[in-house]
Amino acid sequence: MAFVSDLFVNSWNWIAVQLARFLPPWAAELVMMFAGVVVLIAFLLFMVMLLTLLERKVVARIADRIGPNRVGPFGILQPLADTLKLIIKENTEPAQADHWVFRLAPAVAVTAALMPYAVIPLGRGMVGTDINVGVLYVVSISSLTVIAILMAGWGGCNKYSLLGGMRAVAQMFSFEVPLALCLASVVLLTGSLSLVSITEAQRELWLVLVQPVGFLLYLLCGIAEANRSPFDIPEAESELVAGYHTEYSGVRFAFFFMAEYINMFTVSAMATIMFLGGWRGPFVDQLPVLSVVYFLLKVHFLVFLMFWFRATFPRLRIDQLLSLSWKVLLPIALANLMLTALADKVAHRAGLSRMASAGLLLGSNLVLAGVAIATLYLVYERRRAPSLSRRYEIHWH
Amino acid sequence: MTDDERIAEELKRNIFLTTVDRIYDWCRRGSMWPISFGLACCAFEMICAAAARFDLARFGMEAVRATPRQADLMIVAGTVTHKMAPQVLRLYRQMAEPKYVIAMGACAISGGTFRSYSVLQGVDKIIPVDVYVPGCPPRPEALLHGIIKLQEKIERQSVRTVPWYRKA
Amino acid sequence: MLKTRTITLNLGPQHPSTHGVFRMVLTMDGETIVDLKPIFGYLHRGMEKLAETRTYLQNMPLTDRMDYICAMTNNLAYAITVEKLAGLEVPERAEYIRVIMAEFTRVVNHLVAIGALLNDLGAFFTPMLYCLRERERILDLFEMTCGARMTCNYLRFGGVAADLPEEFVPQAREVVAGLYYWVDDLERLLTTNEILLARLQGIGILPRELAINCSVTGPTLRASGVPYDVRRAAPYSIYDRFDFKIPTLDEGDCYARYLIRLAEIRQSLHIIEQALDHLPPGEVQAKVPRLLRPPVGDAYARIESPKGELGFYLVSDGGISPYRFHVRAPTLINLTVLPDLVRGLRIPDLVAIIGSIDIVMGEIDR
Amino acid sequence: MTDEEILARIEEHFPGAVVEVPQALDFTIVLRAERLLEVATYLRDELGLDYLISVTSVDRGDEFEVVYHLGTMTDQAGYLVLKVRVLRPSAEVPSLTPLWRGAEFQEDEVYDLMGIRFTGHPNLRRIMMWEGYEGHPLRKDFRPPYPIETDRLIAQSYAESENP
């Protein structure tokens, strides 16, 4: 029972012990590290497949359809068929392409997407390495994706690709800033940059309960970072054909596809860790194997939100998107950070109990939300009033 | 090597290839992504086929790609005019192998009712067509039937004989 | 100072949001459109020439394939023109049936237009599929009456091809009631959506004077504040008997065009209800010679098709086929304003504007 | 204003502009081609016929007829048919595009399909067929050129696929 209760960690340790019997310690370490990487990548590939299937099913259900159901029972083998097909498909390359850039871009995209998982705890004790600047690492690595997209946009020698690449750069740069600020306020509260300790810090209280504004902002910025609808303008299908991956086919396109879904998973995973208590949940201390289940459930809830948005919302325009980031999200994120710092300090000085300080933080956050919404309403209504002195009243004749 | 051995050897190779063939055909059949390419009236029945009542997604085909590079199937839905023919050809060439073509509707098959100076009398004059779906326009069910026929056709293909792996 | 250059971007003929094979050559400064040159003709099927070699009745199917989303109104326009040319009368019941069909077609077209507009805005398929789902219900009615979903070929000179089946009226009432409810639903989903407002309001403003000068018709014109509707201005068929209102808006932008379509759907449903209530019994087809030979002359007749004023100009030399067959295609003429609307905007706006003008290449190129 | 009044006004202001008023289903005025522009300007600005419904053309053997339908965008409005006849060899008509931008594509179409040139049109081009296409399809004596562009393309395509 003890073994099963923490199945993954225990079996991992067991293998390590077995290896250490006939290998020198450094070799055993190396093998285990390699195995860890392989297992992680395999897990992520499985997740990508699951997500593609889920997305198609969810979007289909929202649109009153059935979704894939022919390949395998209930269509669960659909992603497998897609993957295999993309692998055997021809790799086209435009004659005028910047060949090296064109070929490297997919690899860079996938690498950049995979790297954050070195530090993300997927369950209790299930983390590649627990480095003490985890948050910083994830934020900096995930902005590497933009390089891959720019490479793809440039390399394809296609105007649509180029436009898509340019849009992606603008978009990701602008959303990086408020995103980092949201994470900063979490770091401020938990006092650590390590993702494991941040999860530990939410033992009693999920941070979403004291930082609702931060959570929402993070989710918005995260969706934009992952280029998901309604912020999917770099690959806006109805405008730019397929955006930066217009010229890619076969495996290379599959890589971009994979990178996009892994990014989506990363964003949800980070939101879960930072705000939703990571893998924490009831009975997790008695039965640690549950932690993975909790983690995946929370992540998939957020992913489901993204699918939902995708199926219902129209897309924003690029300038509207950027002004949303710089003029709305950034000020709110800054104010959130300052207010959190202030409230935290006040709570410490006054020596409030944990619950009381949490109440104070939540209160300040809600006040911020109220002020932000009121300001936005005033500003936008006033702006709307003169330039659009329109009331859209239908005259009947 | 005796004949028996040779036969056994050959058999082994074939059995291996058959399994490869099965997987090869299965994955192409299961995930045919059409290019979003509508020419005329039939395009609308094609869109209807993707809508709630007929639901093309069941075949894993709702992943309509806007770019020819990522598409496997070109549904020529509608009249191909002489002015459009070069672009159709070009789109077909931009698609990556393996690729398939369904000629949907009378116009794409033979020019249909438009026997006039500007209409190409059948898209098969410029690109090879795998399945013809008659009708003006064909009902979405007819298109689905055509797609199933194409899947059957794909199932009978073999890695060794498909044209796109042959050295020219 | 950095030197910049404009780039030329070819949108189409194959592009996800050109609604067919429409090509636009854009001159762009970064993402801003400096100029636009529309290029048509990728679906030019030579209908007008073809029609000169076929009898009058044989041309009816050609009109189905013009604006393939609203076959019934095309039929109606053509039938009215030939009836004017040949001086034919239409029985009462047939007129009512025509009106019912034409208004259902209007609903179908506006549903498709709204769905396509949302699709262009990037609402991944869902609103489009909802619209198509409702459209199917109306197509069922068409199919029940004439056997075809899209290319109906239902109207005849001096009547309609067949009487309504028995179960048509109750089912039509059901569909109408369902649509009322569903249009409200659609409004709840879309009309106040903040992203939709941001994308559509103030985009592609078409001034009233420009609209008139460019002979723009249909919902696009009415969204610019001109209450011009052929059904009211020059009633054809029996439109003078129905109580309906013409909605107009003063703003003239994409959102106004969207609202006009929604309003017109409700008005059409209202007309259908009245027509169903007063549907008289009797013949549906007047006595018309099987091989029609209209007297020498020419005639122009027009109707308010869902996309604008659809007119046919027919010249007869007394023979069995028209000497000249011309279509006044509303969408071709509506597109005149496109370069003016998009100048200075961006590609996403262009896509929204095209969606809101509601074009069908089959009619533009013929 | 009734059709007859309009005709009277035109004849009063532009003596000699009206060639003929034929019997027709719709009230029709046949105008002299060179007077078309001024009459149309007058009709638009003075008589309020501000809506150019359609522009089309008919091939009548040795002459072409260009047909304009003019109306207003008000209730209870009829329309007026203006016709202009030009002889086949020259086939030139003043363009109405400077007056009504709505005429632009329609005149392009008439030029493309019937081969009537519109003088003063800002951008007269083939709108339906491609540039360099021979002939004007709607003329009665039109024979499709052979082999046409696509045939060459097809031949080329086959040649490439056989021996790449």
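Just so it is clear, A, B, C and D label the chains in written order, and each chain counts residues from 1 on its own.
Just so we're on the same page, a residue touches a chain if its C-beta (ideal position, glycine included) is under 8 Å from a C-beta of that chain, and two chains touch if they have at least 3 such contacts.
In this text, all values refer to a predicted model and were calculated from it rather than measured experimentally.
Engineer: Looking only at C-beta pairs in contact, point me to the busier pair out of B-D and A-B.
Structural biologist: Counting C-beta pairs in contact, A-B comes out ahead.
Engineer: CA centre of chain A versus CA centre of chain C: separation in Å?
Structural biologist: About 44 Å separates the centre of chain A from that of chain C.
Engineer: Compute the distance, rounded to whole Å, between the mean C-alpha positions of chain A and chain B.
Structural biologist: Those two chain centres are 36 Å apart.
Engineer: Nearest whole angstrom, what separates the Cα centre of chain C from the Cα centre of chain D?
Structural biologist: Comparing mean C-alpha positions, chain D is 24 Å from chain C.
Engineer: What are the residues of chain C that contact at least two other chains?
Structural biologist: If we look for residues of chain C contacting two or more partner chains, we find 15-16, 41, 44, 46, 49, 125, 129-130, 133, 227, 232.
Engineer: Do you know which chain B residues sit against two or more other chains?
Structural biologist: Residues 51-52, 62, 66, 83, 117-118 of chain B each touch two or more of the other chains.
Engineer: Considering chain D alone, which of its residues make contact with at least two other chains?
Structural biologist: Only 128-130, 137, 142 qualify.
Engineer: By the touch definition up top, name every chain pair that qualifies.
Structural biologist: A-B, A-C, B-C, B-D, C-D
Engineer: Which of the residues in chain B end up touching chain D in this complex?
Structural biologist: 82-83, 85-86, 89, 117-118, 120, 125-127, 168
Engineer: So in the complex, which bits of chain A are touching chain B?
Structural biologist: 56, 60, 63-71, 75, 77-78, 80-85, 88-92, 237-238, 241-242, 245-250, 253
Engineer: Mind listing the chain D positions that touch chain B in their complex?
Structural biologist: 128-130, 137, 142, 144, 148-150, 153-154, 157, 164
Engineer: How about chain C: which of its residues touch chain B in the complex?
Structural biologist: On the chain C side, the touching residues are 13-16, 20-21, 41-47, 49-50, 61-62, 65, 68-69, 112, 125, 128-130, 132-133, 135-136, 149-151, 361-362.
Engineer: Which of the residues in chain B come into contact with chain A in the complex?
Structural biologist: Of all residues in chain B, those touching chain A are 23-24, 26-31, 51-52, 55, 57-60, 62-63, 65-67, 69-70, 72, 94, 96-98, 164.
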